[in-house]
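Let me begin by presenting the structure, written as structure tokens, before commenting on it.
Think of it as A, B, C and D in the order they're written, each chain with its own count starting at 1.
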Amino acid sequence: MSVMAPAVDKKLTGLVAATFTPFTLQGEINLSEIGPYIDYLKEKQGVNSIFVNGTTGESMSLSVAERKILAEEWCQKAKGKMDQVVVQVGCMSLKDSQELARHAAQIGADGIAVIAPSFFKPDTAVLARDVLEDIEKRIPSFRGVKFSGSDLMDFGQCVSYSQSHWSVLYGMDEQLLAALAMGAHGAVGSTYNYVARHVNELISAFEKGDIVQARTIQFKMQELLGYAKKIGFDLGVNKQLMIEVSGLCLGPPRLPLMPCPHAHAVSIAQKYHSIFPELN
Amino acid sequence: MSVMAPAVDKKLTGLVAATFTPFTLQGEINLSEIGPYIDYLKEKQGVNSIFVNGTTGESMSLSVAERKILAEEWCQKAKGKMDQVVVQVGCMSLKDSQELARHAAQIGADGIAVIAPSFFKPDTAVLARDVLEDIEKRIPSFRGVKFSGSDLMDFGQCVSYSQSHWSVLYGMDEQLLAALAMGAHGAVGSTYNYVARHVNELISAFEKGDIVQARTIQFKMQELLGYAKKIGFDLGVNKQLMIEVSGLCLGPPRLPLMPCPHAHAVSIAQKYHSIFPELN
Amino acid sequence: MSVMAPAVDKKLTGLVAATFTPFTLQGEINLSEIGPYIDYLKEKQGVNSIFVNGTTGESMSLSVAERKILAEEWCQKAKGKMDQVVVQVGCMSLKDSQELARHAAQIGADGIAVIAPSFFKPDTAVLARDVLEDIEKRIPSFRGVKFSGSDLMDFGQCVSYSQSHWSVLYGMDEQLLAALAMGAHGAVGSTYNYVARHVNELISAFEKGDIVQARTIQFKMQELLGYAKKIGFDLGVNKQLMIEVSGLCLGPPRLPLMPCPHAHAVSIAQKYHSIFPELN
Amino acid sequence: MSVMAPAVDKKLTGLVAATFTPFTLQGEINLSEIGPYIDYLKEKQGVNSIFVNGTTGESMSLSVAERKILAEEWCQKAKGKMDQVVVQVGCMSLKDSQELARHAAQIGADGIAVIAPSFFKPDTAVLARDVLEDIEKRIPSFRGVKFSGSDLMDFGQCVSYSQSHWSVLYGMDEQLLAALAMGAHGAVGSTYNYVARHVNELISAFEKGDIVQARTIQFKMQELLGYAKKIGFDLGVNKQLMIEVSGLCLGPPRLPLMPCPHAHAVSIAQKYHSIFPELN
């Protein structure tokens, strides 16, 4: 779960693509690909909001300085094209997070999100809904939550508890339909980089009450992800699939993540094209 | 996950109550309460099918002889009242399971279900959908699956793969609505002993396309179960809640399960009545 | 952890082999191999005590009737040859365990051991030492504990707390030397079926203060088990290794355990013979 | 597991205290306490080597800049007093780790250690011994490993594989004796901040072959830590215990760690003094 606070007051709904960080082949951040990336998301995938420097963006493998440069570039290039840019500012060190939060405000991010530190963790499982109750009292600008677990009782209680101006977004792309039934207002995910076009149709079908059509699209996504998971679907593979589908030059992931073996990339991309054939 | 094979050909749908085993205060099985139990389920809860000797029935704490006696009594008393009685025959010992399966056929159970042995387990996670593919080839009488995990991608792939005469039932009562969206044909669970009346309304609302009403009922169940989980909601507490709500004499659970502390039982029962007030 | 209570008063020390259950190729229990098995353990491995119907003996895959027949045969054939026969009587059902405990007393077992039920489990980790404190008060005939975890702080506290007539035995064969340093009185394990000869030397070296020699033997065992674990070392493989080393006809394991692939068995047996060359 | 590479060639043995980071009450790093801290370790605890900016030092909650300042201060104040100062340079971001490693070399650290990134992790368990084989080929200056797991088979295989100029150090203070039996060359741990004096005696006893005396001291440490664990023994409590025992002003831990409740601190400190009474 990450929590979000926007700088301005726009409720975040619909699909939010969690962006990959473009690297050069030498492993340095590659700012020149960010403009084309945003155009691809908007024009080919129908995506209107992005979530940058999150797990998909390998933020934990970036230095604080790199995160600032990236956040700035995403915000600049998104201007006039994206509805909202949410910058993830969570770090292992609270000091670093605070610095990144201030920076995000300065560069005009529409909102920030914070993934909790994972090195030192609470001993016991905490219910998301209890966290909301606590946050609400302490962060007046709090505007939403991205929930990434499979426990839809906990998720349902977040939805049920949430105030009308909050966004309760879901983060497990492979079971979004279930979360929509439970009342999700939108979704943040890495697969929306390359299947948002189809998932937008899923959402429309659900909203029109055509559950059978929504289910059909969800099952297609599950078929793709199920296939990928059997081969081994980590962030490196995920990024490579985006490269194959979009034609963007996003480069390899950074260590400790490993690049995707070529044969895997080809095989998953073929599956993608067989499930989601290109329209003419 | 448990897999099911019916003796006769009726597709199992709707709510299936996973029954508790009635014990005397001395811890012996109490056959005399089974008749009233069935009447309660049918008349007060609108339940038409039961799943006996499962985890809820503490089958692992019963001897093979006790399981036979119980199965027989449930089948006899259910005659003319329940649509289907499914007898769970899984044991740690395959020999014992085979014996119980033969016995279930003799006593006229409508179907059997098998929970896989849990002492020796496969090393790696297995996808339910892959299990179905395998079972289908080997068990011609196979008719369905009860899926009890929260991974709704795996569940969705079961639904998507299933044949028209199979039942794909869901087993996490607290998020049934999500599974209905994903295509569940029905549900097996312990809470249907005491909230089936309300969950039948949830299912009706979902089928009529009234997702908001379905969600409202699901959130009520989540509120009840969330409350119970904070106090500590194991099988002993679950059984006690059924006793409080139904007035049946089901006795304490057997060791190693512990009986529910009285204060917990009272507190959860009060919550139940505040969420689901009795109609006059 | 399993707890033990002997019928007569002999402190259990040294190596205790946790025996495999001999099956025919058809999967039925094979009593005729039990006599030769005991002779092998005594004469070739220098083992003087056995632990029967434990996990290694696949007790959870046996019916209650089969366990009685086996226990009786082990006790009869061990008479005059083994110092102690400990019969494991733990079952998922407490009733079954009580029946097996009574039976073990009737047939003259030297002691019983009880593995706790694993289907319904305590929610939180329990310290072995706290369990001992509790058992001591309630079971006057209590005589020892087999500790099978890698947490040697918990183990050390058991040793430190134990009374002089108790046996605190260790169950992770691959790190026995560590447990001896911490004060173990002996060990129960499945590898003692085929490496007890060497491990007896490890114990002697440790007792003489020759830690370097003890370590050398422990490292050899670790090399064998490390090799086996990389290939995949489950109970089926373990049993097959015993068959290869001893020449006994123990048959395949019972489902849900799978028999060891032939190539694995050959490869591990070769490793065994290269690490522990046969003396002439 | 963390791996270590020293700048100069001194084999690291004996006890290495993993230091806490001193903070002011306002949560800023407190350099003025580092000198007295080193004197305390040397004079009162007989510690000759320290491991700074590790988990105990909350390195993950420090910024890169803070880690540099701290490393420099520890190295300066330790000059002429400590045999070795090992600076832990592992970060989530490889770039940051490289920067800290270069810095450690510049400031004259005796060695560096690297804890692997924990945010993105390998899918499967990796054997420490296999890691050593790999590292050996790639890092000529590699000099040792700190092993912090309870799996003493894996640890034994590290010892057995290690070259004569490597240090194989153990990191679970509560079972050090077991690791000594398995061949550990020394130990790195947080409790050596306040019990090194006693653990040095444990090591001496072990080296003289007096296993009973070594065990007696180990059991005392286990009694202390067992007591602390029942109350709740996280890094905050651990730090507070050091404060109580040493009288140093180390301040509270940083968020997300919580300070130790006062009653817990008092209770554990009393236990400490009852187990290890002050000598006059």
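Observations, loosely collected:
Simple rule for what comes next: contacts are C-beta pairs under 8 Å (C-beta built on N, C-alpha and C of every residue); 3 or more make two chains touch, one makes a residue touch a chain.
Because the structure is predicted, anything quoted here is derived from the model rather than measured.
Comparing contact pairs by residue number, the interface of B-C is reproduced by A-D among A-D, A-B or C-D, since over half of the pairs coincide.
In summary, the pair chain A and chain B forms a contact in which both copies contribute largely the same residue numbers, shared numbers making up over half of all those used.
One finds 38 Å separating the Cα centroids of chain A and chain D. One finds 51 Å separating the Cα centroids of chain A and chain C. Those residues of chain A in touch with two or more other chains do not exist in this structure. With chains as nodes and touching pairs as edges, the resulting graph is a single ring in which every chain has exactly two contacts.
Each chain pair that touches appears in this list: A-B, A-D, B-C, C-D. Taken together, the chain D residues at the contact with chain A in this complex read 58, 60-64, 66, 92-96, 116-123, 234-235, 254-257.
Listed in rising order, the residues of chain B touching chain A in the complex are 127, 129, 150-153, 156-157, 159-160, 172, 174-175, 177-183, 209, 211, 214-215, 218-219, 222-223, 225-226.
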